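Shared between the two complexes below is chain A, which has chain B as its partner in the first and chain C in the second.
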Partner chain A sequence: MIKLFSRRRFDMVAFRFHQYQVVGRALPTAADEHPKIYRMKLWATNEVRAKSKFWYFLRKLKKVKKSNGQVLAINEIFERKPTKIKNYGIWLRYQSRTGYHNMYKEYRDTTLNGAVEQMYNEMASRHRVRHHCIQIIKTATIPSKLCKRESTKQFHDSKIKFPLVFKKVRPPTRKLKTTYKASRPNLFM
Partner chain B sequence: MQADQGPLPVQPFKRYVEIGRVALVNYGKEYGRLVVIVDVIDQNRALVDAPDIVRGQMNFKRLSLTDIKIDIPRVPKKKTLIDAMEAADVKNKWEKSSWGRKLIVQKRRASLNDFDRFKVMLAKIKRGGAIRQELAKLKKENAA
Partner chain C sequence: MATEEAKTVVPESVLKKRKREEQWALAKKQELDARKKKARENRKLIFGRAQQYAKEYESQERELIRLKREARMKGGFYVSPEAKLLFIIRIRGINAMHPKTRKILQLLRLRQIFNGVFLKVNKATMNMLQRVEPYVTYGYPNLKSVRELIYKRGYGKLNKQRIPLTDNLVVEQGLGKHGIICVEDLVHEIMTVGPHFKEANNFLWPFKLKAPLGGLKKKRNHYVEGGDAGNREAYINELIRRMN
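Here is the complex of A and B:
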């Protein structure tokens, strides 16, 4: 029996974007006693933002606003198997300087939150799209056979082997960092 | 990746990132720990495992590859990993290697107390004296 709480996790860095499940509905009125309940999975940096995003999207889909609706539940969704490497496909809609575009991107990561964070960083760097201009349409775990991008497919190799070409010389803690060094570092691995 | 190594007859690289490569963590919370590369996530990160930590991802920048490689399938179960590490005798190989020995000596030196440092000083003086005696003998023989 593996006792996970007694072993240390070292890679649970703080994700910037958390995945939330928000459940809400319009307020019951005399005309409609039991309004339909809608559930949405979305990414936000915190719960408050998640609820706000929920109303933003729901307004666009149904005739309901935050003022005449209620959030019934908001739960954070965590990764089921954070030790398993998965190929994530993310469908997104983003606003560029000239209009809206759809995109499909693939990422290899252990968690969906990690992949989404990679996506936001990549969109910002490659396309100069800030995170508020990105809407995630859909995410999915893609089996290796169905991956479309060469950059993810090149890691689908059970006998993967490559050398590390460039050794980054750095002190083991930031406290030991100095501006000047006595000798040039040897960068060969 | 492997196709690129075709035309070159001799590669300057001896240590490869591969499944089963033992690496030393050189930065961060797990500094100084020996871990095994269990899978490669992408160009910068590996899935890394050790007997007493939960399997997780680590950037290659935080890993220093060693010469030791063990024989494991891709992402093995914890028990398989521990058995493979025992079979390859990773711990002993590491402690006998010059890199491993240097780290042990560094750790020992850092953990000396004042009395130990006094003993080291006396031992150094004694060793220096013995060396100088031998040198004096050799000089006399040479002069003669």
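Here is the complex of A and C:
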């Protein structure tokens, strides 16, 4: 299915989800002077939630909790090339009404945070999965040859053309922008 | 004009009263002068202290940055020390509460919704907070928050009365014996949990904040799950701006 205008793009700054790198370890004890340091990359809306998520995952993987551990560093990870269009593949694990499932989804976006946000929105709309039931296993940029989904592959055309079906009528200056106008606009191209 | 000839009889009581009034006027003038002099000296002292504190705060900030950069250069991590000061705000009302949590909130002086208090961090207070977590939100206030709260909504407890901190004299009366003679001293004591934090904090009446402009997200949930309760670390400052 060809989907035009499939993404709302006002991505100035307003990403809901930010990518953080959280580094933590268990607290040093008499038995273990230099416990192993673990690093995790995860998505959260802010740093407080990122730290909490970190302990959630680490508890599932290692025998350490927030009460006997410490976060050494938390840094936000920013997109290296936010102007280059990339195909992102996201592997996720989500909880549906009946059980846990794995999924692989592809998105075409300029930034990883944008792709992750698209993913959360899509999971919510298509599968009614809220964001706390989704765990991102892995993300990667996929070269165009290896993309699997038709909806991203349809854009892999250097001579892509599609018609603009209607004209967006804008006031010539922002000052003349009003909520109500006297006449309906003519959208014919 | 009472001359030697036309001697009017001035009653003795009037003479006595005049003498007494003279003495009182003299004493009053002396006291006023002494007070003025003391106030002027105090003023210099306060100014000096405020300068010193400003330098101290700035150097603390720069120190943190320097240590972080140093650690990163060496490939390690600089873990900043855990916060010593908390600001707690009660976000739930008074109905339907377990008696133990109710008592703990009373001990923390949070008897009304949207009351706020400062708190020192130690094992005892952290355990108390754990019990009342669903009813409060707390975090690490920064200097601006502490200043704004004390200047705008600071009231002191004098003779069990809630007196607004309109003048440094109020602070001096309450905490003079601990060396805290002005509002800046008080801010400094609270901010850098000093040796007389307990007295300074107790002197401050619990802050009565307004309901947050823009609203709370969801009182019933913990901050981490999209709500408002519990530890929200540095984001308490943003909430204080909206509630102050």
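Assorted remarks:
As a convention for this text, the second predicted complex is superposed on the first by the 156 of 189 C-alpha atoms of A that agree within 3 Å, B and C clash if a C-alpha of one lies under 4 Å from a C-alpha of the other, contacts with A are read in each partner's own complex, and residues count from 1 in each chain.
One rule holds for everything that comes next: a residue touches a chain if its C-beta (ideal position, glycine included) is under 8 Å from a C-beta of that chain, and two chains touch if they have at least 3 such contacts.
From a predicted model like this one, the values you see are computed outputs, not experimental measurements.
Shared-chain residue A:109: touches chain B; no touch with chain C. When chain B and chain C are set side by side, the one touching more residues of chain A is B.
Once the two complexes are laid over each other on the shared chain, residue contacts for A:31 go to neither chain B nor chain C.
Of the two partner chains placed around the shared chain by superposition, neither chain B nor chain C is touched by A:61. Of the two partner chains placed by superposition, only chain C is touched by A:132; chain B is not. When the two complexes are overlaid on their common chain A, residue A:162 makes contact with chain B while staying clear of chain C. In the superposition on chain A, contact is made by A:48 with chain C only, not with chain B.
Chain contact summary for the complex, chain A toward chain C: residues 23, 46-49, 52, 70-73, 132. Those residues of chain B whose C-beta lies close enough to touch chain A in the complex are 1-2, 11-13, 15-19, 26-31, 39-42, 47, 52-58, 60-61, 64-65, 74-75, 78.
Interface of chain C with chain A (complex): residues 77, 79, 223-226, 231-235. The touching residues of chain A, when paired with chain B in their complex, are 2, 4, 7-12, 82-85, 108-110, 151-152, 154-155, 157-165, 167-168, 170, 172-173, 188-189.
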